[in-house]
Structure formats: structure tokens, C-alpha cells
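The data blocks that follow each hold one structure.
One chain, chain A, appears in both complexes that follow, with chain B as partner in the first and chain C in the second.
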Partner chain A sequence: MPYVARRLLQALAVLVLAYTVAYVLLSALPGDAVLARYGSPELGLSPEQLDAIRESYGADRPPLERYVDSLLAFLRGDFGYSVNSGAAVSTLLATALPSSLTLALASLVVAVVLAVTIAFTASYGGWGWLRRFFRGLPPLFVSLPVFWIGIMLIQVFSFKLGLVPAIGATGLQGLILPMLTIAIPIAAPLAQVLLRSIDEVRTQPFVTVVRARGASTTWLLWRNVARNALLPTLTMAGVLFGELVGGAVVSETVFARAGIGQLTAQSVATRDTPVLLVIVVLAAFTFVIINLVVDLLYPVLDPRLRAKTAAAPKLQGATR
Partner chain B sequence: MSRIRRTALTALSLAATTALLAGCAGAAPGGEAPAGEPVTGGTLSYLEPQTWTTLYPPAGGFYPNGAIVNNITDRLLYQDPETLELEPWIATGLPEVNADATEYTFTIRDDVTYSDGSKLTAENVVKNIDLYGKGDAARALTPSEAINNYDRGEVVDATTVKFFFTAPSPGFAQAVSTINSGLVSDATLDLDSEGFGPGSATQVIGSGPFVIEGEKLGTETQLAVREDYDWAPEGAEHDGRAYLDGVTLTVASENSVRVGTVVAKQADIARQIPAPDEPQFAADGLGILAASTNGVTNSLNFRFTNPLLSDIRVRQAIIAGIDREKIVETLFTDSYPLATGALATTAAGYVDTSENYTYDPKQAAKLLADAGWKAGSDGVLEQGGTKLSLTFNEAMPQPRSKEVVTLIQEQLGELGIEVNLFSGDYAAQTAASLDPDTIQVYHSMVGRADYDVLKSQFFSTNRNTLLNYDTETQQSADPKLEELLAQVASAPSPEERAAASEAAQRHLAEQAYILPLFEEPQVYGLTTAVQGFATESVGRPNFYSTWVTR
Partner chain C sequence: MSTITPAAWDAGATHDTATIELPAPEQAEPAQRDQPQRDQPQRDQPQPKRPQPEQPQQGQPTGRGGRPRAARSTARRPKSRFLSAGFLVPVAAILIGLAWAIAPGLFATGSPTETVGPALQAPSAQFWFGTDATGRDLYTRVIFGASESIVGALVAVLVGFAAGTTIGVLAGAVGGVLDEALMRLVDVLLAIPALLLSLSIVILLGFGTTNAAIAVGVTSIAVFARLARSQVVSVRVSEYVEAAYGSGGTFWSVLWRHILPNSLTPVVALAALQLGSAILQISTLGFLGYGAPPPTPEWGLLIAEGRNYVATAWWLTVLPGLVVVAIVLATNRLSHFIRGGDPA
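== the complex of A and B ==
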């Protein structure tokens, strides 16, 4: 399929570009990882000793040569070693990835459920005060800083109520608080967008038609309004992946969870270039994939986008 | 919410806090006297602000590394953290040293084994010290900062080893008592930088009271007791195996979480309690342990090679213009005693030079006027078109460095001196600090319980914090300072070293090269279920004599 092929090529270009930009930016910063680790006063090494170590890492060669070498190694799947700890980047990644994936997926699911609940209740809630209350939630959630949510959750549920240990909790128990920390700020914009598009769809004439034909509120909501309101939200979900990564950095640091977020925070602090490069490419990769999936999902959800030849019925929801 | 609670707590328990902190600050690293009889068994949970980066002993100075290395390795000698006296440990006695301290002979125990079953032999000891003395750049393994002028080691017989130095190395006996010289097995010595790193912790084999049982990368390290451990130094509280069955070291980088977890008694000990959080530990069942680091105090170093600071009157004016007491009072607690000289009062060779560090803003203004600085149109002092504008670094590993510099900014601002804070991450700070034109005032400290610590901080080939030595021209701006420091590390007898150290400290004070701020402790917060918790001479945890009651 030429469309998919074109998208894949684009994706590849994005990845190479991400790698290169990250590489250039990291090299342009003053100081390097060798200095960050071995130049630390705790070791008290002389400049000559530092140079010897830089040499052993090959960090004394010209930048372009190092760039080409690292890119080739990268393509071979050799991610190199963390300058900060000497551990293989692949080992670090293998430990961090599953835990982060679990956290990210769980958070995304919770965020979507939360967003849908907020939006539906705010539009179709039984009482006026309930609708107003839920309508007020997204602006509140969106303005809460992630780290603050995390610390508050720990303070209340762990330190005060003693329900979950703050640190060292395992399995589902250890997942709940970090998951909520990420889900709340992500749910907010999702709910906002969903709420707005529900409002828009509800004013469309076809809704009145369907209702006039005797459809119940539930039927109307699920079969007609939701389907039409979902498109902008789906686009938003793709963009929100960035929030997910940011949330993971904070949440994993606050809750002392192993993961990509924590690894990122540590590597940034120590200017650990090999680790950072892999993380940047990984993030770019996931971003590209998510956006690809979102783009491919559009035609599935909206027949108007399926093929140019097929005539797009204007009031899709009403034709039943 | 936590702020309100904190304020309330502070107000309510002010008296109790003061009493408690006063009791602890002066106390030896051992802290308060343990209550009751030691109990064997139980696992201690210990919270660290950072993940460890390597278990290569010479890099053990980094506290997260040191917490592990200190408990899994033994050393040739043991240094009493209170008296700083050296005692036998793996060596059966203090070394025989020749007259100019270039040859050391140790007799070692023959009954010590590593946790992998291999024997601790004379060959193995030489292999250890050879690596630590010289490093191996090809494996990215660094030499130990504590070992100077190392030449080679030699196995004399099965229980005797001898070390040779190219120049006098009087600090060597103390150096082999530090965690930087922790002894590891032959197989461990063959590892490279990666092998000592995260992911292979269980490969690092020492002969200490604990062994590494497991690690969760980036979050947790498990230590387990070694049942057959039977070679504790005499200075230790007891003999045989450690009381604890194990220790779980967990990373909790967020301060409020680390503090809160111990306050909520979900963990036993947390390292690095920020000064504003200390009052929380005044509550029942909690305590604070402020361990002295026995080295160079937390100080400002004036880079006098920079033209702005080359006039001694300007340096003296800065010193007179900074109200150290107010800084310590505002930002810190009683765990942070006001510094009275370049070295902590408990450090080897300490001399009181506090008369050079009196706060006197009037005198400061006069000195600046004498030096020819006049207020410009914006209130900042000027001379010949140059502004008196100084840049300070942010000492990332040091407590509240940013706040300290901010207060100084305010205080010196009143005199017309502009203070800037260099912003940047760790690597950027380190890179900038090497250039006197970028960083004119360098905030730092170093802990080591030997006379050599002074040289470590200021000498040309060590940290060179004053940038007295210019690596480009290979010249020292103040050769006298270099000479005095070299003397500290090369005079063979302790008396001569103490005298040399005193001369160097007085020189630093009289030339107004530094402004010592406070004696930097390592502050631990712990629950009273923890008994007998102690630290080694630079404040790293020692779990050997610790037990838990619950």
C-alpha cells in the first residue's frame, strides 16, 4: 500500500532526524559525561587522568567520526554503554521498559475511562449540579502539576491512611498511585476535547432527528454522539503521548519505580549521552507509531474518510 | 498541607528539637547510646536519594556507592570514626614504615575468605592495591585519590606484603583504611568498568560482613548477612556475624517522599535529610544522626588568579561582607556547626582560624574603597570601567548551595558587589568550574579523615579548587601554597604533617583565599527501632553493629 509505505519512510526519516538532533545538541552542551562522572570532585582525578579515560571511551576523536560510528552501531542494535555507570544501555533498557510500558498503558486506560466518565456525566448527568461539577473538573485537573498530585497521593493514601506503602510496593498495589498520578493530568485535556465535541455534535440536526424517532438517551449517546465526537479525541490521544512520557519521568521519580522515566531523569542529570540517545529515539519511535495508528484508525471510525470514491453520507449517524 | 503540618510541628516541638539536635550534632558518628541488648535478625530498610553508579572501591566516595562498598568489603586497617586512630583489621598490626615513608610492610591475617569462597591472600592484597594505586585507564578504572606516589607492591611471604612509593606517602596507612581501598576478590579485580556497574552487582565480591544478594536496576539493592564472618576489627562493638539478616537499600530521590516514608515508619533509615525537614524527626520514635565528615569544611574558594579577586583587600572585603552566622541560622540547623577554619574541628590537623572570618560590613566597605572601587550609576562597584561582578557555581552535591549563594547575593549586593549564580547541570557546572574567568568563587567541600584532605582540596594535581595552578602555563600563581600543601602529604611523621597542615591552613586564612561556611554533616533520619547505627569516618553507613527492635 503506497500510503503505508510513504508513512513508514517518513517515520524512518523522523527517527534519524531525532537521533541526529539529539546527538548534536548533547555534543554542543558544555562538559560531557566523562567530566560529569569522573570530573566529580569525589574522585579527585587530575586532568591527565581524565584525558586517559576519555581516550578509553573514544571520546577524544573528532565529533563527526564519533557520530557516524555511533549511528552505525545503533543501526546494528549496539546501543553502547552508559558512561555514568558503565552498564550496557540494553540492560538498563530491558529492566526499565516493561515496568514503564505497564505503567503507561494502565495510565492511558485509566485516563480514557476517567475522561469518558467526566465528559458523559457532564453532558448527560442526571442533575444540573452534577453536570456543572463534572464540567468544572477538567480545568481543575489540567492545572495540577504532576509532581504535586504524586506527592499529595502519597501523603494521603500512604502516609496518613497507610493503605499503600509509598516505596517498594509490588504488583497492582505499587501501580495504583503512580498510575493515578499520570492519569489525572492526561484525562483532563481528553475530557475537555471530548466534552466540547459532544456539545458540538449534540447541536447537529441529525441528533434531533434521531431523538424524534424515539431513540433513548443511551442509544443516542453511544451510537450517534460518541462515534462522531471521538475523532478529535483520538487525535488528542496521539498528542498526549508526550504528556505520558513527562508524567512517567515525574511519577517514577516520586514513587521510586524503575522505568524509562526514572532512567531519563538520571541520565539527564549525569549527561549520559548513550542512554539519552536511545531514549530519544525510543520516544520518537513510539510517537511515530502512535500517530500512524491514529491515522490508520480514522477511516475505521469515520466512513467519510475511507475512500475518495465512496460518496460520503453527510449525516452518517442518522442513516440507520 | 505538608507545609502547614511542618510549621505546626516545628512550633510545637521547638524545645524538644533543639535539645535533640544539640545532643546529636555534638555526638560522635555512633549517635546516641543504643538501648537494650543487641537482637540478631531482621532486615533493615534504608533509603538513598540517588542510585549507585559503580561498586569499584576507589569510586566509593560517592555516597550511594559508599553505602554498599563500606558494608561488603574489609580494609587492611580500621579507622576509629571518633578518634580517627588506625587499628588492625585485615592487617594484624599497624604497618612497618621506613624513615621517609616510601616503604610500607603489612602482615595480614591468613584466615580470611571472600564470599565466593576464595582466600584473601598476600597476592590478592597486592593485586588490589596495585589496581587502586595506579588505576587502569583501558578499563576506565580510576586510581584512588587517597593513594599518592604509588610505585608497586610486593609479596614477601604468605602473610607479608610490602608497598613501595616513588616519593614519601605518609597518608598511605590511612588510605588503606578508607572504603576507596576496600579489598575485593581476584575475580572481581578482573572486571572492567561495566562489571562494577549496575546490572552486575552480585559479581562484586568482598570479604565484608554483608554480601550483595540481589539488585533491581535503578531502584533497589539487597544485602544479606555473611554467616561465617569472623574478622571484625577490634574497634567494632562486637565480633562474628552482623546482627541484621539483611539490608534493603532503596532509591527514593524525592525528598518529601524519603522523609515521609521514615516519618511514617515505612522505612528505617533515610540518608540526606534536608535541613528544613529535620524538625519532623523530633516526633516520638524518630531521631536524627548528623555524622561529621571530618574534612575540609563547606567553603567558598576565591579564585585569586582572576583580576577581580587578585587584590587581597577585595577578598577580605567579601569575607567581611558575608554574615555566615545568619546564613547558617537561616538555612540550616544545629547539625551544621559554623566553620571555624578550613577544616572541621574533628578533622586531622584542625586549627582555629576564625579570627580571619569576622562579619564587619563597615570594614568591608572601607576595604573596597581603599582598593579603588567606586559605586557606578547602577550601584554596582566599578573601577576603570570594570564592574565588580562575580559568578558563583552551584555546588550540586552540597546542601542548599543555591540558597546559600542567594543569601550571599543579597548581603554582598548591599556593598555593591554583584553576585551571579552559574546555572547549569552537573556536567556544565564541572566544566565551568575549571575556568577562573567563568567561576570566580567556587563553592565546595571534601571529606576525608586524614591530613591529606587539605592537599586533596587545594593541590595542583588534585582538586585545585582555587585554580592556583594553571594547567595551560603549568605555573602556580602562589608557589608557597603548593609547597605547604606538598609538605602535608610528604612529611613522614604525624607531628611534622600536623605542623605543615597548620602552616597551610594559616596561609589560606591570612591570604583570604577561602571563606569557610559550615562543617558539612551527613544527616540521617531514623526510627528508634534502629539501634547501634554508626558511620565510618566520613559519614558513610556501617550496618555491622546495627540491629532492629520490632
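== the complex of A and C ==
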């Protein structure tokens, strides 16, 4: 399987490069993190003490050595310590992850439901104006600032209607608004892909034949549209993941919800680069894995690609 | 000329057809009338160009008509496309936004940081968008904020366009090891979620409007590079490029005279699309507090400041947000139009 091997190698190369880029970006800082944390006059630390602190963080050694060491430590699963709180980054992540994962998964489900609803109504809605309205929704949704969606939801559902407490809601209640905030912009590209698939399938000659043999619209949608829409949707998986991460940062900030997003925002505000480095690299790692899986799944899901296996890798390399 | 296939001809339509003889207008007229689909709006695809001498014209001189190209292209694309609401409304919105950015003084008399009335006044005839917590006129602030947000977005797109197109064109035109290396770098830029990448760069450069704009620009390098590369790769194998090499063109001259002009149209459409997304991303950085510092009326920051008054002063978040949405929607529709979508 030369294609699989090549694809794996490529993913590995991108991962190492991603770590390098993030490392260079985040530790080539002009004002170093130690100074930002311990340099304030109130602490009254002498330059020698600052140097000692630097040494304890290993910040006084040559850059290349530090880079290699940090990469090796990273591979061992040792993510270092937050400059800001002194806690191990892995502990910070472990406490923040569950809430963010719940939020992300819930948002994804809502986004898919929303996208299917939009695409279905825009194609099969009863009235012309209804179809046109729903067709206009995806372009509108991608034009909304995510943080603004969150604030508008708070305004309507918390203050005007009083349905959900604005801040400090827990459990499912606390999940609803942040989830919608993330889901709305993600639903838009999904709905567009679905719409395009429905439009494409509807104009195919075989649909007439299938219909003539008594197929219902539902059957047609499940059997043909869903299958046709699956592949382009899968290609978008990586991009959607990026949107999810960005959405989590914004919505967790807007709703003051603990999680990876808020941890990210905090670490930027306090220039806590070790934390941000780990978050960036793990996000890149997830993205690369998602794309790898999608690429390897492609020939499995699409018989057309399986038939011409020889051509498939080349074709994907060119279009990606 | 006889060797040019219709496909190559279409691909080269923006550039290389300039040297091809045009039919005289008197000849073109009857030829077009014969085509049944003439009344249908022809959108992205120009009418299939038939080699001219197919229809013998009786009594017409066969010399070249020498009609200007511009006239020809309007004949092919019905005027209605440019007069439709799908084109005019976005253009008007963008022009207004640009005018705000260039000359805010024309639209608002006061200063954006000056207290002009009581705090937290609802929108009225005097204060169109109401006033904020310190009694500043929100309408004035939104208008002065346009220069922050729109100029920032232009900077961002310029950074992404320049760097991305350079990378993409080099990778596509040179190929080989350079292509492989550049594309892996692009893969990395794509792999890091846009917001995280821009946050990392903002940390590196420091907070501020320009830095936020540059950071947002860097996140769009990858898409520009990808698109430019795929365009160049497809143009590079076309016959007129081969012909240009064959007639003694050097690498750079062919790149400049033939490959670039024929591959950049989609990239320009992407730039228009990126403008909207750059405004969104810059306002997000501003909202999170990593963009312009507080007294600046940057749009994201305006909304962030209004956020503390959601319960009492809806206009502080709703109205600036609507302005952002209107401008972003306009750039998205315009980009859709440039790419030749239907003006809906």
C-alpha cells in the first residue's frame, strides 16, 4: 500500500512542521513569559532571581537544544507547565476538556440537524417564498460574527423571553445557547453542500426512472442524496473542526463557560505561551488525523474511486 | 490559429484572444440572431465562439471590423446582470462602507471619543444609534470604526493575497521539490485552526489593529496559495503556454505575460470573499480584546463594550452588529457575483 504509507508520512511531516511553526511563533517572543509573570516591580525580584526562575523553566539554554528537548518531552506526553498558574498543562487540559467536548459534540449535532432542515425546506418546502427564504439562510449565516450571535441569543432568550439564565446556567440549560452560537455558522456550509447535492441529484435522469418505478421522495433522499452529499461533507470535516475550535473560544468567552476555549483566551491574555503551544499543536494534530482518516476512507466509501485505485491517489493529491 | 481548440480558447479568453481576429459587428449580428438561446441570460460562460467564417455573409466585406473589445463583451453579457439588485445592492453597501472608512467626517460631525449627551440614550432623531455608557454617540463611533475595521480587512487581504499568491504561483510554476516544500508549509497553515493561528501571531506581534490585521492575513495565506497553485498548474499545461515557450519565451516572461493573467481571476474573486471573512475575524480579535485598545471605535470592540449593557441598552450590541453583518454579507454576495453565480 504505497499510497497509505505516503499519506501517513506526509501527515507525520505536517505534524512535526506544525509543532515547529507553533514553537517558533510562540517562543520567539519579544517579551518573555517569565518577565511578564515575575517581572512586575511589586514582586521585587532581583535580576538574579529572575535568572534562576528562567533556569527552572529551562529558558536559558540555546534555542535549538530547547526546541529538541521540548519536542521530545511533547512526544513523551510531558506538556510542560503554565507560566501563569504553575499548574501542569496536561492537568489544565484534562479539567477543561470534558466540558468543551460536550459543547463541541452537541453543537455538531445541532449544526447537522439545522443544515438538514434548511436544505430540505429550501428544496421541498411548500411555498416558493419559504424555499427562497431558506435558500437565503446559509449566505446570511456565514456573514454573522460568532460572538454577536451569542450576544443576540442572550438578549432574546435570556432578557426578552427569560427562558434561560444569561450567566451561570448549568447542565442542559447552560448548554443550549453556547451550542446554538457555535452551530449556526457551522450549519451554513453544511447546508450549502446538502443543497448542492439535492439540486444535482434532482436533475439526474435516473431520478425520473426511480420515480417512475414508484420511489418516494424520502427514499430518494436517503438512498441517493444522502450518499452523494456524504463525500463532500467529509472533505469539509477538517475545516469544520477548525470552526468548532474557533467557535468554542468565542462562545465560551461570551457565556463565561469553563473549557478549552476559555483556557485559550486566558492564555493569550496573560501571554501564557506553554499552554497556548499545547493547544495549538493538539488542534493541528486533531485536524491532521481527521484529514488522514477522511482521505483513507474516501476509496472505501466511494466505489468510483476504488474502481480506479491507481488514479485515485493522484487525483486526491491534486484536488486537495 | 487553426490549431486552437475551443477549450484552450475559452481558457485563454481573458488574455490571448486579444490577438485573434474579431468578426465585424455587422457579421456578428445575424450570426447571433440565429442562436435560439440568445434571449437567455448568459452568465459565467461566454457564448461558444464559433470560428468566424462559418456563415458566408452575402454582400458584406470580409475585412476585420475593428470593434473595441469592451463593446463586444457587453454584447455577450446582457446589461441586466450588472443592473440587477444582486450586484448593485452589495456594491452600494461596500461603497458606503469605504466612504465611511475614507472620510468619516462627511457622515458624522462629532468626534468618536467625545461625550455628546446623556449616557445610554436609546436611538432617537438626535442620536441615530443612541449613546453608550459614557454618553458618546454610537453612530459616530460606528462610522469612525469603519476605518479601523475596513482598512484592517484590506491590509489582511493584501497580506494573504500577496504572500499566498506568491507561494502558490512559485509552487505551481516551478514544481518539484520547491512545490512539495511550500505545499507542506501551506498544509501546516491549514492544519492550525484560523483563530488559534491568528491568536499565536497576535501574541508574537503584540496587540493592536495593524497586528490583528496581519495575523488575520496570515491565516488566509493557505487558501490563496492553494487556489493560485491549482490555477497555475492547470494553465501551465495549456497549449498557448507551450506555444509561448516554443516561440522563445523565458520562464519569467511566460509566467508574467501568459500564466499570471490567465490564472488570477478566481484568486481575485477569493480576495473579495476573504474581505468579508477578514472583517469578521478582525472584529472577533477586537471583541476578545486583542485588537485595538479601548477608546478606539473598532467594531468588535464596540460590541464587546456594549455587551455589559445587553439587558438595558440593546442598541449598543445590535446596531454595530447589523452594520458588520451588512458589510460582510455585501462582500460575500459581490464575490459570489464575480465568480459568476446568479445574482439572487
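Following the convention adopted for this analysis, the second predicted complex is superposed on the first by the 272 of 320 C-alpha atoms of A that agree within 3 Å, B and C clash if a C-alpha of one lies under 4 Å from a C-alpha of the other, contacts with A are read in each partner's own complex, and residues count from 1 in each chain.
Rule of thumb we're sticking to: contacts are C-beta pairs under 8 Å (C-beta built on N, C-alpha and C of every residue); 3 or more make two chains touch, one makes a residue touch a chain.
Given the structure is predicted, the values throughout are model-derived calculations rather than measurements.
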Which of the two partners, first being chain B and second being chain C, lies in contact with A:T95: first, second, both, or neither? first
Which of the two partners, first being chain B and second being chain C, lies in contact with A:T217: first, second, both, or neither? neither
In the superposed arrangement, which partner chain does A:T253 touch: chain B (first), chain C (second), both, or neither? both
Touch test for A:V21: chain B only (first), chain C only (second), both, or neither? second
Between chain B and chain C, whom does A:S85 touch in the aligned arrangement: first, second, both, or neither? first
Could you say whether A:A284 touches chain B, chain C, both of them, or neither, answering first, second, both or neither? second
In the overlay, answer first, second, both or neither for which of chain B and chain C A:A269 touches. both
Would you check which partner chain A:Q173 touches, where first means chain B only, second means chain C only, and both and neither mean what they say? neither
Return first, second, both or neither, reflecting whether A:T208 touches chain B, chain C, both chains, or no partner chain. neither
In the superposed view, which residues of chain A touch chain B and also chain C? 29-30, 147, 151-152, 154-155, 159, 166, 253-254, 265, 268-269, 271
If you look only at chain A, which of its residues touch chain B in the complex? 29-33, 35-47, 49, 52-53, 55-57, 81-82, 84-88, 91-92, 95-96, 147, 150-152, 154-155, 158-159, 162, 165-168, 253-258, 262-263, 265-266, 268-271
Can you check the complex and tell me which residues of chain A touch chain C? 10, 13-14, 17-18, 21-22, 25-26, 28-30, 135-136, 139-140, 142-148, 151-152, 154-155, 159, 166, 238, 241-243, 245-246, 249-250, 253-254, 264-265, 268-269, 271, 273, 276, 279-280, 283-284, 287-288, 291, 318-319
Where on chain B does chain A make contact in their complex? 1-2, 45, 47, 51, 53-54, 58-59, 61-62, 135, 137-140, 142-143, 145, 192-200, 216-220, 248, 250-254, 256-257, 260-261, 263-264, 266-267, 397, 424-432, 444, 446, 456, 461-463, 471
Write out the stretch or stretches of chain C touching chain A in their complex. 184-185, 187-197, 199-204, 206, 230, 233, 276, 280, 283-284, 287-290, 300, 303-304, 307, 310-311, 314, 317-318, 321, 324-325, 328-329, 332-333, 336, 344
